[in-house]
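Consider the two complexes below, in which chain A is the common component and chain B and chain C are the respective partners.
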Partner chain A sequence: MDLAGGTGSLLRRWWHWLLLLAGVATLQWLFRTVDSFPAGLDTFFSDPIDRFARWSQANRRTHWLFTTIFNPFSDAVRVGLNSVESALLWVPWFVLPIAVFLLVARSRNRLQAVVASLAMAYPGVVGLWEVTVETLALMTIAVLFSVLLGVPLGVACALHQRVNQAMRPVLDAMQTVPAPVYFVPMALFFGIGAVPATMATVIYALPPVVRLTTLGIMEVPSQAVEASTVFGASRRQTLRKVQLPMAMPTIMAGVTQTIMMALGIVVLATLLGAGGLGQEVMATLTQRRTGRGIATGLTVVAIAVVLDRVGRAIAGMDRSTAPGRMVTGMAIGGVLSLVLVGRVVGWIDFPEMWDVKAFDPIDDLMDWIRDNLRWFTRGMNDAVIIWFYLPVRDFLTETLAWPVLVFGTAWTGWRVRNWHLAVFIAGALTFIGLIGMWDLSIDTLTQVVAAVILSVVIAIPVGIWAGQSRRVEAALGPLLDAFQTIPSLVYIIPAVTLFTVGVVPGIIASVIYALPPGVRITALGISQVPEESLEASEMFGASPRQTLIRVRLPLAAATIMVGINQVIMMVLAMVIISGLVGGGGLGFETVSAVKNSDVGIGFEVGAAIVAMAMVLDRLTQAGADRFRPPAAT
Partner chain B sequence: MTIGEGQSASLEVEGVWKVFGQRPDRALAMADDGRSRAEIQEVTGQTIGVRDVSFEAHKGETFVVMGLSGSGKSTLVRCVARLTDVTRGVVRLDGRDLTAMDEADLRQIRRDKMSMVFQHFGLFPHRRVIDNVGYGLEVQGLRRDERHERAERVLDLVGLEGWGDHYPQQLSGGMQQRVGLARALVVEPAVLFFDEPFSALDPLIRREMQEELLRLQASMHRTIVFVTHDFDEAIKLGDRIAIMKDGEFDQVGTAEDLITRPATDYVREFTKAVSRAKVLTASSVMDDDAVVPASRSVSRGTSVEAIIALLLADPEPIAVVGEDGERVGSVDRSAVIELI
Partner chain C sequence: MVADDWDQFPEGVYEAMRTGRSSRIIIGVLVALAVLASGCGDADEAKPNITLVTNPWTASFLNVAVAEQILENEMGYSVEVINIDENEAMFTGLADGTLDAVLEIWPSGITVGEQAFFDDGSVVNIGELGVIGKIGWFVPRYIVDEHPELATWEGYRSAEAGALFSIAETGDKGRFLGTDPSYSQFDEYIIANLNLPFEVMYSGSEPATVAELDARVSAHEPILMYWWTPTAAVSVFDLVNVPLPPYTEKCGASQAAGDDGVDCDYPEDVIIKAASGKLREKAPDVFEFLNAFTITTDDQLEMLPGAEIDGEDVADVAAKWISAHKDVWSAWVK
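For the complex of A and B:
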């Protein structure tokens, strides 16, 4: 073997690394004197948008765009919100828990019925019913809109290939965008208040119902559709009599997801002045009342529990096992007469039993922890800031020339997928720089990286542990459920109480927020490994450790990567939200833009967030694909 | 009730092609040059599902299409029922060209004349049995009580009285296909398509369903296009049988034709496993000119199986007589043994 050939093959194997090295060195040297990204398009977007915002401010009452479209629409939504609200308050307090009990008990599960009914009573018990009703009204209207919009869209996607191709990337993008980004355009068109909050919720919650409607329709066996056609049914008849009814369970699953997403965002929507539970949470946040914050947060969990159990009871209602008409009729009649009795007797508002003050001992506990664990929290705070956050941020913004970062990320995209992704990444990053969001984005990115590292370090081992043991998984399940439904803002309260203001509470809250899906998906990946593969490994005398490292982990790797992708996306969303507590970066800018109606900046920040979210999402998804074993052919 | 009084229709299929893929023209051009299906698949990436198939199913005839998995049977039925577009060729129902029809006319003709029974039943799980059966009437716009009454009657006919209020998935496989059959019969179709309707059933039930279909067809005389991969089933049900391979018909004929005069090795391969004694008749084993003295006689159409029974009882040759009672030949042991 001659030397030249050896060098050749080495070169062939390593040339992309050489390319990276050469590129980085050259760019770093070329741009050593240029310090920040030339924001060539700094005002390119914000100027026209600001102009439009000013114009719309001035013409809100006169121009036809507002007087014939946006304003009447707003009014209609407002009427809807108010009527749902007053309807819920009109009903005597004891009726809803009883109705929920009866509904869930239909599926013959008494225990679940009791749980759901207690959850329904919880907001009233802690004295938050009226606030909760505001939030419920917003959700109801938003979900109604999402379904009215989403189901036809989903059907169109299922029936027309073209529509589907056009919608898919839009839906993908919608699901990667952190919710606060939607607030800015809504504020632009609808101002501040419950209406823009409703519309932002609609957009945020729309994708699942569209997707699952499409899926449901496409999953209808072709034989059923053909059977309908062959008997001379028109397309409309087939859709109405066969496809929609058969897709209904899947569509309902989509609606449930949409409801949960709406629930997840309503608290945040307070940034748009929506009132309701969100406002309450914000109040506890500024007062650092962890106990009350938790009490309020649990309200959202309680609503989620009620919706989930009721939804399941409805979905699980098999026609053949459902109770007869008589029983149903009696139940409905009973509930109606309860309403009547309550109204006549005047027993309507919740009796004052408790209020959020009952949770004040938690505040004392938190204060005690804060005072006595100062050595730890302070130490951790300083460690994260001094050893990680500042050095990384400064390295990325000051030491490294910006083209190096663009080149390096694009190179990674090229390696994990193809040059299309590389071009996309380079374009997206350059865009962020050009609109003048480079430094803020790097700031946010640094926080995201810190939170992701922490989350992954905790989530993966816990997930592996849970995935190997049914018992651990069963024990963690309800805990993770609760964590996933507690509104994200609530996490910030204890974090702020313990770690005061700055980036660290945001990072901590992000970690807590992103842990559940990380653990869940890792556990899923681990437990999905086929039993046969494990037995095969054991038969060859592998130790449990060897089986874990050589069989389980490699086979679960793709799923775990999907989990990491989820973690990253959730961390990003939360880091944006934690801008509220002085986390700085893009989040803070969004919040202040919404608050100050600084729409132009708001748009730019939104665009930067979207670009960053898409880069992170595509990179990690491409990474996940590389771990997948090749498909059978 | 019987479903006998209705009309039946003739079905003509002329040079029908079906190509799956974006560029059917390229595949057709290659096929016209006489290239094989595999070659065309290789070069153009287009799949030929049906290749130049022609046949006619007469009024009241059961025409069976028989072939192995992937031979294109389902595709052919879907072309004929116009569930899919025909790439080239013509399908006529009572002289009316289905391939040239617009959506609305086609729908009307389906409502009036066609129905179909599917391999995996194609039932609607969200509808009760009675509403499954009444579906064809429902899309025609019939009133509910009339639908139910007619559906009820056909359910009785297929032996499912009293099951109307159940959901299909609560029934056994055989019963589900009875529902499929009832759903197809209730619209009194002139043409019935069957796409391997019984192959998902276990053998006993399958035989039962075959008998059921024979019984119904004996009184209703509909035109039936029946797809199967089971030659025994084809023999049992079919007036004529087409053997399909790689999208083409190898041979079309009666069961006896196929067994005694297979056109290709492929057809021979299929017919080999069949119990010949059951299918063949006196006319294909007899010796035409031997005028042996015989004390017994059988008609031309007597199955060989029956003749064997006679010969076992008494080894003397048997005379074969024609329709008018004249002698046309004779059968002896050696002829029968040679056949088997």
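For the complex of A and C:
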């Protein structure tokens, strides 16, 4: 510390804080009478888009753009969806669980095989097989498209530096876009139903497969490529015979992530009229059948379990443990003969064994909770609204002049990274204001901040705990998986009964959805702290507590910041869900735009969410970089 | 434990891929299955698939389930049911033939843009469903019992009325609970034009509205909300309609245009059915059937409690109605 410095050096040290203070004071004074953001571009985007929407609706049956491109394409997708659906329904019911068991059992993990096969049987057992098949068909086609588009794109990125440079910001942006933002434009081109839902899923789920394909190919040792070239292989041959096969495990990891992302959106796709499980969830909840809603939601979890276990089994197979060709052949033959037998005997549909009605007792439990915990949940609800939500929202929209917020955020960007980021932030926020989304965005931002604070307060301690104990981490695993895959509508509607319509149920759903990455990444950061640092700390006589605070946490800080970044992104992805339970803000506006086919507004809301997501993403990433310890020398 | 499996190199797969042996096996299997599939196809190949629309409320599920089962079991069609919101996209779907028919359209909700589809014949009105619907403002009966002045809209002008229905978000004002944004709602205009100390908050979806209603009624608390008849919820939660100023033509014009002049009650809706302009050609007997198809308010009230309160499957409830009313529907099937 420079204690000897005079006013000059103090000024040098503090001038950026003074700049912030001066800027805030001046702007607040200058704009004290200006109420809200002048929405100069209010209809700049929405008008032409609405015109285009009207035009496309009027010309859908006549214009070549539709008759030769979109309509045939959407017919083809529909045929694909229907064929997958009828193929799955054609297979006798007992074949798939058996096939899943055999596939997973190949990797010599009997327990996982049993789990996967039970999960495969679950949708049929509760009588939801036909509905599940609709969702599975949508996912199959969507993932197929994602792979067909994503792998070549990923390869192009890996082989051509320029493509990579062009694609990277696009992929970055795509990963910050909450899924429903894609719904409105898809409805414009493909109308409503399963087709636009499929296409929205494709775009949403694309980034991981592109990214991991690029990564996989780049990771192929250069010696392997050189050797192949030396032996006279063409570039094409090298790619097909050396690079792609060697990158396959990484590509498969990308495909699995893509599948999981697709699974995350299929329930929401009911907003586009996609049918399937999403529709079923909505219908049961409208009838106040919480138990059946949970039963339906668990179907999605079951599918996730099956796909995850099968994916791992395929990718994790190695020759030493894989069964011989004979056994494999017999297994395939066995499954085929089962199909034949089933078809011939006519034992095809799931026998009615059980039903979602088995979950009805949960409804009574819900009523009991409603009647007995009301004093607590209502109190909490009102406290959050009166002491946090209303004051913060009103302070940001009414007390603070909007230029102050733009300036302050840009200043933060400048401090954590550089003036490029500051300019970007100022631009993005001004854009939100100009298109007339300022107040709605602030409303949503307030809710996002509340959800992020709550998630972080829970996730970091739990993550620290899990990072220090393998057993805790293993025990938390399935719970976190369930949090991430169970459709949030299933628990958010009961949350409305407990907390009432408003912003709180949405905040709760966001926290539940955002916890898993927060906990996992924190645990990762803590457990990655090098053993030597810990030993050194113990040698100097530090207590475990001191070791945690002085060594583990600082060394894990950068990773934890990445976790916070992920938490923010997850919370933003839930904005639309809160719109379905009275959260207002951008979420309600999105729901309204999708449901009323208000394309222009839908575009503006989407743009506002994306701008907000990018600002928060860049800010927290820059923050994470600042925590990164200097590379060891 | 399993996470690091990704790092292992699944050589077996690639070897098989390279040699192409297993892919040949797989293709052979697929061909065999396809042959089998075509052999086992159903006999009704000649009849086109029929796509019916449900909108996201129970009555609509029931009407469609009745039509679906009769079409499938008595007329040999295979029917697909798609659930979408009542909006222009639905009309676009009907117009281009993606959707064949919708059995429950509330005329008060038809926008100018949607009317255009009827005008150019791409969507055809196929008559009344037989149900008279009424959207309006509803409160639980205990509110009217305890505060008799709240039986009509005049009672809602006082500051006390606002305070009674207030919640944390609305401060001194009362909360009016709006619903799914795809339903036609004029409550913001009505409240502004009648100068009521209320503020509209939207639940965002029907499940959320029902959950909130459940929460308030179970605690015997005030709630004022957008709802409609016929629904089972009116009897389950014992709701009463609060009459607003009577419907006038000028106000009706504002409702149709969706402008801010609305200051009267929602009209009674004579619910109609609509079909794709292409259906008559695609399947004339289905067109005739849907044309004749009628479900009355009483029929709906007979079916709704089973589906909404007892939680029976919509399909089962519809099947019960079908078996009890053969005399009614056999006239529709020719």
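Criterion: the second predicted complex is superposed on the first by the 619 of 633 C-alpha atoms of A that agree within 3 Å, B and C clash if a C-alpha of one lies under 4 Å from a C-alpha of the other, contacts with A are read in each partner's own complex, and residues count from 1 in each chain.
Convention: contacts are C-beta pairs under 8 Å (C-beta built on N, C-alpha and C of every residue); 3 or more make two chains touch, one makes a residue touch a chain.
Computed from a predicted model, the values in this text were never measured in an experiment.
Chemist: So if we stack both complexes on chain A, do chain B and chain C clash, or do they fit?
Modeler: fit
Chemist: Between chain B (first) and chain C (second), which does A:Ser234 come into contact with in this model arrangement: first, second, both, or neither?
Modeler: Once the two structures are laid over each other on A, A:Ser234 reaches chain B alone.
Chemist: Taking the superposition on A as described, I'd like to know which of chain B and chain C A:Gln57 touches: first, second, both or neither.
Modeler: It touches chain C, and chain B stays clear.
Chemist: According to the stated criteria, A:Phe101 is in contact with first (chain B), second (chain C), both, or neither; which is it?
Modeler: A:Phe101 contacts neither chain B nor chain C.
Chemist: With both complexes overlaid on chain A, does A:Pro221 touch chain B (first), chain C (second), both or neither?
Modeler: first
Chemist: Of chain B and chain C, which one contacts the greater number of residues in chain A?
Modeler: C
Chemist: Please work out whether A:Met248 is in contact with chain B alone, chain C alone, both, or neither, and reply first, second, both or neither.
Modeler: Both chain B and chain C are touched by A:Met248.
Chemist: Looking at the overlay, does A:Phe45 come into contact with chain B only (first), chain C only (second), both, or neither?
Modeler: A:Phe45 contacts neither chain B nor chain C.
Chemist: With both complexes placed on chain A, how many Å separate the closest C-alpha atoms of chain B and chain C?
Modeler: 6
Chemist: Which chain A residues lie in the overlap of the chain B contact set and the chain C contact set?
Modeler: After superposing on chain A, chain A residues 241, 245-246, 248, 319 contact both chain B and chain C.
Chemist: So in the complex, which bits of chain C are touching chain A?
Modeler: Within the complex, chain C touches chain A at residues 2, 5-14, 17-18, 25, 29, 32-33, 36-37, 40, 56-58, 61, 81-85, 87-90, 92-93, 95-96, 98, 113, 167-169, 177, 180-182, 201-212, 214-216, 218-219, 307-308, 311, 314.
Chemist: In the complex formed with chain C, which residues of chain A make contact?
Modeler: Checking each residue of chain A against chain C gives 54, 57, 60-61, 71, 87, 90, 107, 109, 112, 187, 191-193, 241, 245-246, 248-250, 252-253, 270, 272-273, 275, 279, 282-283, 285-289, 292, 312, 314-319, 322, 332, 336, 339-340, 343, 357, 360, 367, 370-371, 374, 381-382, 385-386, 390, 489, 493-494, 496-498, 500-503, 505, 579-584, 587-588, 591-592, 595-597.
Chemist: Under the touch definition given earlier, write down the residues of chain A that touch chain B in their complex.
Modeler: 221, 223-224, 226-234, 237, 241-242, 245-246, 248, 319-320
Chemist: Which stretch or stretches of chain B touch chain A in the complex?
Modeler: Touching chain A: residues 78, 81, 83, 107-112, 114-116, 118-127, 135-136, 138-140, 166-167, 170, 183, 187, 193 of chain B.
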